[in-house]
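In this document, chain identifiers A, B, C and D correspond to the written order of the chains, with residue numbering beginning at 1 in each.
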Amino acid sequence: MLIRLGYDLRFDLPAPTVMTTLLHVHPSRCGDLREPDFLHVEPRVDVEFFHDLFGNLATRLRLPAGTARLHSRTLIEDPGTVDARDPLAPQLDLAALPPAVLRYLMPSRYCEVDLLSAIALELFGGTKPGWERVDAICTWVHTRVAFSYAKARATRGALDVFTERVGVCRDFQHLAITFCRCLNIPARYAAGYLGDIRVPVAPDPMDFSAWFEVYLGGRWWACDARHNTRRAGRVLMATGLDATDAAITTTFGASTLTHFEVISEEVPGDASRAVPTHRAATA
Amino acid sequence: MLIRLGYDLRFDLPAPTVMTTLLHVHPSRCGDLREPDFLHVEPRVDVEFFHDLFGNLATRLRLPAGTARLHSRTLIEDPGTVDARDPLAPQLDLAALPPAVLRYLMPSRYCEVDLLSAIALELFGGTKPGWERVDAICTWVHTRVAFSYAKARATRGALDVFTERVGVCRDFQHLAITFCRCLNIPARYAAGYLGDIRVPVAPDPMDFSAWFEVYLGGRWWACDARHNTRRAGRVLMATGLDATDAAITTTFGASTLTHFEVISEEVPGDASRAVPTHRAATA
Amino acid sequence: MLIRLGYDLRFDLPAPTVMTTLLHVHPSRCGDLREPDFLHVEPRVDVEFFHDLFGNLATRLRLPAGTARLHSRTLIEDPGTVDARDPLAPQLDLAALPPAVLRYLMPSRYCEVDLLSAIALELFGGTKPGWERVDAICTWVHTRVAFSYAKARATRGALDVFTERVGVCRDFQHLAITFCRCLNIPARYAAGYLGDIRVPVAPDPMDFSAWFEVYLGGRWWACDARHNTRRAGRVLMATGLDATDAAITTTFGASTLTHFEVISEEVPGDASRAVPTHRAATA
Amino acid sequence: MLIRLGYDLRFDLPAPTVMTTLLHVHPSRCGDLREPDFLHVEPRVDVEFFHDLFGNLATRLRLPAGTARLHSRTLIEDPGTVDARDPLAPQLDLAALPPAVLRYLMPSRYCEVDLLSAIALELFGGTKPGWERVDAICTWVHTRVAFSYAKARATRGALDVFTERVGVCRDFQHLAITFCRCLNIPARYAAGYLGDIRVPVAPDPMDFSAWFEVYLGGRWWACDARHNTRRAGRVLMATGLDATDAAITTTFGASTLTHFEVISEEVPGDASRAVPTHRAATA
């Protein structure tokens, strides 16, 4: 399956501003790209690339005051299958986890593991370690938290989600991540494209999406407490401890988002045949 | 100057427990060691070494139920001078910061940059960027927060410190780090040895100490909102986003600390002459 | 001056629900009413009147499932002058305050006096007690907090307002009340009608309004950190510790507000002459 | 049974200070006093009596700088029976509650009903209304929260207790009160004497005690999530929304408590026979 990806973001900047972005397909998926994934910036400025602490491909931009437009269109090959799962992948003992994974058991800004541990144990301590526990957590969060764009709040942490029972995509994942960590399942935040691939088209306009990953049996697996269903068509852009690390754009200074458009849709058969041309074009 | 370093920690563990430690001198200071810095564990268990996300030398231990003892004694050469400072090192523009440093401008568990930004701007927005701002922050925190071991609390974040005005070493640094980040000065948490080198001996028993580092003019500099004075004899063990990343020991399960002893003292002249023997022994 | 007052609220109730209201003009203003201030409820249910702990005139309703409509129209005589002020009214010593006023120095749900005391002292400790201090507080809150209906949140307390710097009417007053209490000025929450009397007409649709009162020199005075200007035409409905006590309606169970209309406007001369008829009608 | 009651509190006051106290036996128990319950203050100052918003007998003192001593000894007759309970007293419908009781369903400073409602419903929504629900709440709190004087914190609210799972007497009651209110059971905070009457003597030194009251079937009943057992010998001093309203002493300014002694013990038979003399003395 080929998926057309793209975004078009516009900002009003009252003053010259530094912005960092995580607007590229994650390095782990670069091999699947069929067109270049190139961040266009208007007005034209230097785009400085770097890899952040978590291995994401980031950019830093120095934007002048005025209107800034960031956009891209690319094409990616995707198996089109739903989120992978090996039911036999076990929850590893703490002594068996790769050391690099241990940090994903600890608290972070929006995942207050220290505050939610007793609660997590109460709610999920009786479940079987591993997938059963992860599923119980996702279902609980999905069922008990209501989705509301109107109640989005950038400072909401997992404890707030737990008491307020409302949030947007990131809030669902933060609470689920925190519960997983409390119960010794490494969990990290993930952001990327998620179109309505092979599901009924949702009424909301497309947005980037947040999900999370758990570490079971030697690898990371995508999970999603927001939708609580295995989905096709996730295209990862960034992972990190929580939304702090995987914000698509971070602006150091005042800015107003004036336009926001994201595309992530399956390309029908005919269109996909046209791809080699594109590939040639990029060679 | 030679500094004798060491610790002796004992824990009661009701069940087999995994523990991670950051009990070694930081890799950046390994060249100064005049004796091996070796973590002894009783009972004897395998000690697994790894470097964490922040470049610290960490270990993982699988301890049986019962009493566990962790101890070490080593010797380090130290210039004996107080915390370095180049008054000409400027606060760098966001576009000029090394990309790896940018994460230290963002929120972390105990440094709620998103919650304290307006406050930081109010308090310190009028100060000159760079050292003057860092000094103003340290002095403010040092003056307004009272030290109290009795009021230590593992879940206290910078906002709590700001409202409660009380804390231990880590709390002072968390608040100062947060204010620095709010004002675009990269700041990170640091933990290590800090003896009463060339200062009047404090009445408190020795402990590991927390301080923080700011990034000015192209390098990190040690700062200390707890003592608010340049000190000699800091021996770094770990750095990270906040205390989450630089905890000397992290126990995944119940444990009781039953004994805690830390040594960090200047070795008088005669004793220091004995060092070459030690050095030979480690060769 | 005569002011036409009224409201029309409609709720969808999925199940039979108990509601309490504070929808009447405050007992202290009853003498100014020129028409009855009568809560009409549709469907017709018994309206039980009581005075709450703070002396407000409250009602309790037992509403069936379905649509409920609460409405009233009344007319009140008002001096039309702006909020009274005696610049000579001093901040009373704690020993001189009437005992009944002391509770208004203490914390309440949305006014965390215990958390904001050090901050209040820092910000306003240098101001002169009394009106100068109250004015400094109102100006500070008015200047530093941004108004946003979109960011209303029922659980936001004064500390949240202080860090988030955004809110609706009640949030401005909560922060100002808290600062006043921290500095030993009794302060209480007030809710009522506030039309655009003798001020340029605001673009927002009419709503009930929140303000607060401080106790200086032996009486309560209306203050308003939201508008930070002395206004004409406030008609008090309820006072209390904070918004908890002065909520216009409190629903014990699920409900959706489907219609909300408030009227508070000066009656032009001709219309006001028609009033005696109304008064006769109520005789 | 006769119970000897008394206290001896001493404070260091760096400056002249206003203090309010709730150091008298509650008006509802005055008829049981067999000796006057008289607050002695040293140095001698005027003691101003008043009844607060909740009907407690309060005093206001204007103390000079230096040492202040507050003490009393009195004798009260007590049935010596454990906390009363009528298992048939039902949880009243919201429409049937006396209006004055409705405030005890709402949030207060340390009882964040708005934050804990979803949680309360989850934990206790399946229990039978009335005593069964109250008992479930008390048992839950008693079982899940650990008592620790060392971790007392004046700013801890019910949500903190829920996440931290540790506290002193007041914290247990705050969480239980909040859960009750969330589930439409009116609940209020209570403070008073509680000696080791007919229970094994506890190792802790005597203190005033906090408990709470629920409103079932037309009256208030004493409950105690700290001890979770029906006790004899409670002597009420004050009730209120939470600890804010029932603090034994409230000092408006700096003060250090240097001595704290509370007596509440059964007078053995012989001693009690001596009482008529005292009674004569008070006649």
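A few remarks follow.
We adopt the following convention: a contact is a pair of C-beta atoms (placed from the backbone, for glycine too) under 8 Å apart; a residue touches a chain by one contact, two chains touch by 3 or more.
Not measured: the values here are computed from a predicted model.
Looking at chain C and chain D, the chains that touch each of them are A, B. Greatest centre-to-centre distance from chain A is found for D, with centres as Cα means.
Homomeric contact chain B/chain C: same residue numbering on both sides for over half of the interface positions.
Chain geometry summary: the mean Cα position of chain A and that of chain C are 43 Å apart. If you average the Cα atoms of chain A and of chain D, the two centres end up 50 Å apart.
Distance from the chain A centre to the chain B centre is 32 Å, each centre being the mean of its Cα atoms. Looking at chain A, one finds that residues 115, 155, 163-164 touch two or more other chains.
Chain contact summary for the complex, chain B toward chain A: residues 18, 20, 48, 50-53, 58, 60, 62, 93-95, 99-100, 102-103, 105-109, 111-112, 114-115, 154-155, 184, 244-245, 250, 252.
The touching residues of chain C, counted against chain A in their complex, run 150-151, 153, 155, 163-164. Within the complex formed with chain A, the chain D residues making contact are 115-116, 118-119, 122, 144, 159, 162-165.
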